[in-house]
Structures are given as structure tokens and as C-alpha cells.
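Listed next: structures, encoded as C-alpha cells.
Same chain, two partners: chain A is paired with chain B first, then with chain C.
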Partner chain A sequence: MTSRQFLIRDLLVLFGLTGWAVALPGFASEFAVSMALTCLMYIALSSSWAMFCGTTRYLSLATSAFFGIGAYTSAIGLESLPWEQVIVLGALVAAAVAVVMGAAVLHLRGTYFAVLTFGMTELIRHAISYFEKSVTGTVGRVLMVVPERETIYLTVLLLAVIAVALSIVIRRTRFGLALQGIGADEQRAQTLGVNTRIVKTAGFALTAAIAGAVGAAMSVRWTYIDPHTVFNPFIGFQTVLIALIGGAMTLWGPLIAAIVFSVLAETLRLQVPQLYMMSLGLLLILSVLYLPGGLASLRTDTFKGWKNDIQAWWTDIKDDLSGETKRRKEREKKRREQRHVY
Partner chain B sequence: MSTDAKQPLLDAQEVTVRFGGLVAVDAVSATFMPGELVGIIGPNGAGKTTFFNAISGVTKPTSGRLTVRGQQLAGKGPHRFARNGLARTFQTPRTFGDMTVRDNIAFGLKFAGRRRRKYILWGEESGVPWVLRTADSILGLIGLSAQADLPAAAITPSQQRLLEIGMALATRPRMLLLDEVAAGLTENEVEEMARLIRRLRDELDLTVVWIEHAVTTLLRHVERVIVLHQGKKIADGPPREVVRNPEVIEAYLGDEMNDENDESRAEVTA
Partner chain C sequence: MSFSAWLELIASGLITGGIYALVALGLNLQYGLMRILNIAHGEFLMVGAFLTWMVQTSFGLSPLWMIPVSFALLMGLGIAIHWLCFRRLTATSPNLDVFEARGLMVAFGLMFLVQNVISYVWGGDLRGYDFLTQPVQIPLPGGEAQFAANKLLVFALALVFAGALIVLLRQTLLGKGVRALMQSPIGAQLVGIDTKRLHPLMFGIGLGLSGVAGCLLSMAYTISPSMGEPYTVTALIVITLGGFGSMGGALAGGLLLGVIEAVGMHFTNPSLKALLSYVVFISVLLLRPEGLFTRKSRKA
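Entry: the complex of A and B
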């Protein structure tokens, strides 16, 4: 397939999935819809995360900071502003924070970058907690004006579609190529003319904008928010886990993994809550060890490869147990000795 | 190129690079004129690569001035150097392994292309040699057309070196900085590489600065050579003169007197 055919295929798949998701509230139970909402939230968060952090390999743990900033913007602005403007405002505030944060940390790489983004997230969370306690004199905020459930669902769906569509489109642009170059070898990309600082800041801000918008839309679901719910670092970790398990370098990986996760989360958490975190950890270990490309890299060949590996392993064990390995080694030794006679 | 022949392409003045207490490059000044083919030699640890990193913007010099066609670039990011027509290769090839060979070339075309602004204004890339206009013609120039669709990680090390040069060419440079492009190649491959470099200089009107550890090869092909020793410039001139320079002989004798250097001196002075 040519690049254009890939683009058309990806957009068609996205269009199909969107149609299915729009129709969902019409026939599914309330439980299924609320599950789908969580799922869409993580699709938006991890797709946008993978778009920047996956391609450039700048592992950011700041998603929960942007999410929380969006949620707070929404909590403050919802009484005076219409819904759409609140969402856009959440995105803009988060992006602005990302630009400032980026200026401070984007020259660092690897572990230092990850740890610093996490540190800044905690800093923001505690700063807002402190501000709430000492200045406003409250712990959290109650959201009085809350839009319809339907509106929330459609907004988050729209954000998820935007996140995936951006991932589809950006990887075909000059900007996307620059991100790829930064991921492959940042210094080489610079010597080939990429202004990496601007590209990185823009990519980071874009990711943050989507996380902020999602936070703004999701905050109303709780009706009462405080820094510890919306700046919950678990949101950031889960976003990263989903992207890694799905395949951070792939387009559909985060989406596939987000679906798998939400189903796991909702079914396991209700029946055996302890098993949920355990299976999450297990899934991450397995995917890092056996599927470094993520769930999206699964092909029939992968299964065939596993089957062959297991078969080979099983034959070895059988040979060992039946003494066949020993006999084979003796035969080889004898053959070598015969050759040395001459 | 229509640039003023008197204006140097790159004027490095008193460039110093310090790593903590170590002075890797000590107040080196050098001027590079359009169309020159200059070699840089020096014993191990002489500061060749560090000087290279400084004049391509990869390492910020501690002090000194770097004037590229009248513009002051010292302390600016490497992309500014690339956009002003300075392209470089790396000692160990740093190609984008996951991308195809063609995409590796296309990368430079997309970003540096010094005629970008003109391209937008006039609708055509005026002044860019036709051979540098598309990835495929660059591949033809460096002789990698057959490997165009292979991932860059899959080609041989000597092809990787050619690809490095191709990636640098894709930025439509005025000046090509080559860091040990002939290291680890067979004798035939080295000759071919040298021919390619001369051809690039002649046909594309490039200034070429070429670092090589193997002195013999280099002295045979360049017109001017700069000798670095312990971070300082100790000689600058035509190869014939430089190899007779007592200070240069001293530097190489004091460091390591191997057959290769001996041979090269005999050959060039003969």
C-alpha cells in the first residue's frame, strides 16, 4: 500500500469506530456507557501522549498535571462560560503551563526528564492544595452547573477522535518527521536543520492541550473535585502504561490497549479488585518482555513464532528427560574422535 | 556560487573549547574559503573532532568567534549552522536506522535546504544544483540507488558512510565537514571515497573540510592541511610544506612514530 492508501485506511477505520461510539448510548446500558467514557478518556490521553512522548521518547509523567489543570479551569469557569469555551480554555491553560514546564525540562533526556515532569506535577498539585486551603479556605470545589451526560460523552468522544486524527495526520507532516528524527537521534536531526527546541515545545504543548481539554470535560463527572482526585498521579501512570502496552510508537496501539484496559478495569475491579492492579503489572511485564512493539505489533506471525518457541522448548525438555540429549552428545563426540584418527 | 570570492565561507577566530579543566581546543583560528579542500590531521586526542563539533555548532565553544558568511553563529544551535550551509557527517555513522535509505536523505531535504525561502518566493529552487533537488538524484550521486528502499540499519558500514554524506548533501550545503569518512574502509573503498569527495567539491562547488586519522590518504588528496596538536594549531598550509615542518614531525614523533606516518611523509616529500 502506498502512503496515501494507508492514510485513507486509517481515516476510514477512525470514522467507523467513531460512528460506532456515537451510536453506543442509544442501545447500551448505563454501565456500558460509563465504561466507554473512561475508555474514550484514556484513548484521548494515551494517543496524544504517544504522539509526542512515544515518537520522541521523551517519557513525560506530567499528564495528570495537565488533566488536573483542565479540571480546575473547568470547575472555576463553568459557572460563567459556556461548555465549549470551558473545554477550549482548559486546553489553552494546560498548553501554556506545558510551554513553561517544557522550557525548564525539555533539554533533559531519559530518566531526568521523566523524574522532573513527575516532580513538577507534584509541585503543581501541592501548590493548588495549599492555595485552596490557605487562600480560598476550601478543600475542593463543588460543580453546580453540570451539562447532560450525553454532552459529556460526546465531548470526550470528540476529543478522542481529535487525538487519534492528529496522530494520523501529524506523522505525515514535516512536524511529525521532525518528531521522529528527535526520537531516532536528536543531535543528528539538529545537524540536519531541525530546530528541536521549538518542535519539542510545540509537541509537548499539543499533548498537554488535549490532556487539559479531557480534564476539563471529565471534571464534571465527579461533581465534587479536589486536588487529590484530579491531580491523581495514577492518571498519568495509567496513560503511560496504556501507551507502552499498546505500543507507544504505533498509531493504533494506545487505542487498542485503552479498550483492553477499560474492560479489564471495569470487570476485574468489581469482582476481584486486588486482581486488577496485579494483572496490570503482569500485562506490562509480559508486553515489555515478549512484545516490545506493544499490542499493536501483534500479528499471526507473532503467534506462530511463540508456538515454534514453545515447541522447541518442549522438545528440548523431552530430550533431556528421556536421555536423548546425552546420547546425542555422545554420538557427536564419537564422530569427532573418528575424524581425528587420520 | 555567486558569493564574493574574497569573503571566507567560515571564519573561526580563537575558538576555545574547555571541558572542566581540560582545554580540548585552545584558541584555534582558521579561515575556509569557498571551494577549498582542507584536511585536518593530528595525533590521537589532538582535538580534531572537538574542533569540528565547535564549528558545526554541536558543541558550544567556551570562547571565540564563528563567522559564517558574515553572520555570527558561535553559541547558536546546530540547526542554525545547518541552515547556513554547513553540513557535517559523524565519525560513527548516525543514520536513522528505522527509516529507509531514501527517507534518510529526504529528511535533510525537508529541513535544512538553504534555499527554502527562495523556494517559497520564486516557486523554484534557484541556485541549487539539479543533482541535489531530489532524494533519488542524491542517491544516484553517492551510488546508493539500489539500496533506496532498504532500512538504513540494514546496509553495510561502508554504505552507511556514503549515506551519511548523502544526508549531509541533502541539506544543500556550501561546506561539507567530513569526520573520518574513510575510517575502516578497504583501500579500494578509500580511493573511491576520495574520488567522490573531490567530485563533490568540483561539481557542486563545495568547500570540504576532511578529518582523517590515516594521514597518508588525506595528504594525497587535500590541497591544504591543518595540523592540530594538544588542542593547538601547529601548522596550516599545503601538504608538502606541512610534512617538512619540524613542529609537525615532532608532534608525530613524540606521539607515535608508526610506519604509516613515516611512509606518508616519504611519499609526499618525494
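Entry: the complex of A and C
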């Protein structure tokens, strides 16, 4: 397939999925719709995360900061502004924070970047809870004016579609190529004339804008928000986990993993919440060790590779147990000694 | 504020700081030596604390006996985890950057796994036991200060462990090998250091130290399955202050952080404590990423 055919295929798949998701509230139960809402939220978050952090390999843990900022913007602005403007405002505020944060931390790579973004998230969370406690005098905020459930669902769906569509389109532009170049070798990209600072800041701000918009849209679902729910670092962690398990470099990986995880979460969390978290941890370890490309990189060759690995491992164990390894070593030793004699 | 009040404030800061330094030792070994940013460090500390609590409440054994036991148990666990996860990771990662990122992810997985196994087994309640809770008078110039005996004990043992580790790294052949490994893994292999044996051993010792820290902490504080994360963050702050891989730096960084927090809390207000430590953390990472006490700048 040529690149153009790929584009058409991706857009068609997205179109089909969107149509199905739009129709969902018409026939599914309330429980299924609320599950789909969580699923859409994580699709938007992890697709937008993978768009910047996956391609450039800058591991950002700040998603929950942008999400929380969006949620707070919406909580403050909801009474005086119409719904669409609240969402846009949430996106803009989050993007502005991302530009400031990016200017400070985007020159650091790897673990330093991950740890710093995490620290900044916690800093913002503690700063806001301190501000609320000492200035506003409350811990949380109650949202009085709440739009229809239908509106929330469609808004989050729109955001998810925007996130996926952006990642389809961006990888075909000069901007997307620059991001990929930074991921492959940042110095080389710089040498080839990419203004890495601007590209990185713009990518980071774009990710943040989507996370902020999602936060603004989702905050009304809870009707009561406080810093510990909306700045919950777990939102950020889970976004990263979903993107990595699905395959941060791929287009559809985050979407597939988000669906798998939402189903897993809703079925397991109600009965045994710890079991859900345990399987999350175990899946993450296994996927990093045995499937570094993510779920979307799963091919028949992967299974063949695993089969060969297991066979090799099994023969090793059999040899060890039957004393074959020891005998082989003895034989080799004897052969070496003979060679020395002559 | 009078002179003696200042002294009391600084002394209480130093005691908390000693505990911070103790918490950071294991993580410092793991990150400084092997570039494994073990974000699950606090969870293993929590495992040590729960083991101590369980033995203390069900058999009535003194928690002091649990120090070597939890060290040995967690060291075994650490060697097993290294064998299961990080051995393959080292073999399959193309370069150090990729290894660091993947190691961080594996550690995240471990964090979820361990924390939830413990809360599944023991439940999420706050727990604790009484051990040496009577106050001790300490004469300071210009007055007396009171501290709980268990905190003083923890402080003293923290200093002993930090000192022992520094001596081990400076004076013994094993320590020499470890320091060589910190400077250059390939160079260390070239001069005949068996990195394949040293790596699991050091990872195990790192976890063992976190077990000891948990055991000591359970004497003075209440424990719960979610106690790990704040300690991980504290440990991260301390090793950034002290410079990655430097044990003396970690000790000094821990004490400094304790004093900063105590003084800062006295002059502002206690709910700013977390905010304060994050501000210190971020400013150190941004302004002096190689640590406050290192003279030569290392490649980050």
C-alpha cells in the first residue's frame, strides 16, 4: 500500500469507529455508556500522549497536571461561560502552562525529564490545594451548572476523534517528521536544521491542550472536584501505561490498549480493586520485557519468536537436569587438553 | 526566637533528616550504580515495615531482631527480581537511555504489583505498635529538648547504616569494584570485575536497605500500604540533593532536607511541607542537576 492508501484506510477506520460510538447511547445501557466515556477519555489522553512523547521519546508524567488544570478551569468558568468556550479555555490554559513548563524542562532528557515532570505535577497539585485551603477556604468545589450527559459524551468523543485524527495527520507533516527526527537522534535533527526547541515546545503544548480539554469536559461528570481527584497522579500513570502497552510509536496501539484497559478496569475493579492494579503492574512488566513495541506490534513472527525462546529455555533446563551440560563441559575441557598436548 | 529554640528546631530537623537519608541509601545504590530508577523503592520499604509489624504483633519479638531478617528477605527478593526482570532488560536494550526508560517502566509495574499485593493481603488500614515511646530529655545549651526515644534510636541507626555503607564502599575490595562500576561499566568489565554477579548483588543490597529502612520506620510511625510513595519521592529528592551515587552526599542531603523542612514549616505553616520539598527538589534539578555536593560535573 502506498502512503496515500494508508491515510485513506486510517481515516476510514476512524470514521467507522466514530459512527459506532455516536450511535452507542441510542441502544446501550447506561453502564455501557459510562464505560465508553472512560474509554474515550483514555483514548484521547493516551493518543495525544503518544503523539508527542511516543515519537520523541520524552517520557512525560505531567498528563494529570494538564488534566487537573483543565478541570479547575471548567469548574471556575462553567457558571459564566457557555460549554464550548469552557472546553477551549481549559485547553488554552493547559497549553500555556505546558509552554512555561516546557521552557524549563524540555532541555533535559530521559529519566530527568520524567522525574521533573512528575515533580512539577505534584507541585501544582499541592499549590492548588494550599491555595484552596487558605484563600478560598474550601477543599473542593461543587459544580452547580452541569450540562446534559449526552453533551458530555459527545464532547469527549469529539476530543478523542480530534486526538486520533491529529496523530494520523501530524505524522505526514514536516512537524511530525521533525518530532520523529528528535526521537531518533536529537543532535542530528538539530544539525539538519530542525529548530528542536520550538518543535518540542509546540508538541508538548499540543498534548497538554488535549489533556486540558479532556479534563474540562470530564470534571462535570464528577460534579464535585478536589485537587486529589483531578490531579491524581494515577491518571497520568495510566495514560502512560496504556500508551506504552499499546505501543507508543504506533497509531492504533493506544486506542486498542485503552479499550482493553477500560473493559478490564470495569469488570475487575468492582469485585477486587487490588486485582485490577496487580494485573496492570504485571502486564506492564511483561509488555516492557517481551513486547517492547506494544500490543499493536504483535505479529505472527512475535509468537514464533516466543515459541523459539521457550523451546530453547526448555532444552536448557532438560540438559541441566539430565547432566548433559556438565558432560558437554567435560568433553570440551578434554578436547582443549588434548589440543595442548599435541 | 531564642537561641535554644533554634537549636531545638534544628535538632528535630536533623532527626527527621537522618531518617530521610536512611530511606535514600538503597535507591541511591540502585540508581547511582545501575541506572535503575527504582520507583518501587518505597513499596519495598513498606514490605519491610509490614513484615516487622506482623512479627512484632503476632510473636511479640522485638523489632530490633527484624532488622537483619528483613534485610536478608528483601535482599533475596531483590536478587530474584533482578534475575527475572532486569537481566533480560540489560540483554535486550540497545543503549543506556533505552535501558533507563524501560527500567523505569518495569519499576512502575513493580510498584503497582507490590502495593496491591500487600493491600490485598493485609487490607488498607493504618497500623502500628508501641516501641520505646517514652520521651527522652536531651540537654541543649540554654535549655532542654524532648524527643521520643524511638525516633532517636532510628536516627542513630540511620547514621550507623549510612556510615557502614560509606566505609564499605571506600575501604573494601567489593566497594572498590562497585565504585569502578559506577564510573564506567565497560571499564570495570575490562579490568576483570564480574559485573554479572555484582549487579544482582547490589540490586539486592539496595532492596535490603529499603527493607531495613521500613523496619526502622515502623518503630516510630504508623504504617499503611500507601505509605510507600511519599518515601520514594523523599528518597528521590535526597539523592538529587546529594548527587546520584554519592553516599556521603545522600547523608548530607537528607540532613539538609530535614533541617530545611523543619525551619520552613516553623516559619510558614505545616501544610506547606510537601510544597516546600517539591520546590527544593525542582530547583535543585533545574539549577544543579549534578547535586549540591559534587565538585566535578558528571554527564547526566
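Assume the second predicted complex is superposed on the first by the 304 of 342 C-alpha atoms of A that agree within 3 Å, B and C clash if a C-alpha of one lies under 4 Å from a C-alpha of the other, contacts with A are read in each partner's own complex, and residues count from 1 in each chain.
Just so it is clear, contacts are C-beta pairs under 8 Å (C-beta built on N, C-alpha and C of every residue); 3 or more make two chains touch, one makes a residue touch a chain.
On a predicted model such as this, the values are computed, not experimentally measured, just so you know.
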Which of chain B and chain C A:235 touches, first, second, both or neither: neither
Residue contacts with chain A in the superposition, chain B compared against chain C: C
First, second, both or neither for A:284, with chain B first and chain C second: second
Touching partner for A:188 - first (chain B), second (chain C), both, neither: first
Touched partner set for A:126, first chain B, second chain C, both or neither: second
First, second, both or neither for A:40, with chain B first and chain C second: neither
Partner chain(s) touched by A:178 [first = chain B, second = chain C, both, neither]: first
Which of chain B and chain C A:105 touches, first, second, both or neither: second
Chain A - residues contacting chain C, complex: 57, 59, 104-105, 108-112, 114-116, 119-120, 122-123, 126-127, 130, 133, 237, 241, 244, 272, 274-275, 277-278, 280-285, 288-289, 292
Touch list for chain A against partner chain B, complex: 174, 177-178, 180-181, 184-185, 187-197
Interfacial residue positions of chain C with respect to chain A in the complex: 35, 37, 85, 88-89, 92, 97, 100-102, 104-106, 108-117, 119-120, 233, 236, 271-272, 274-275, 278-279, 281-282, 285-286, 289, 300
Complex contacts: residues of chain B adjacent to chain A: 56-58, 77-79, 81-83, 87-88, 90, 94-99, 107-108, 110-113, 167, 170-171
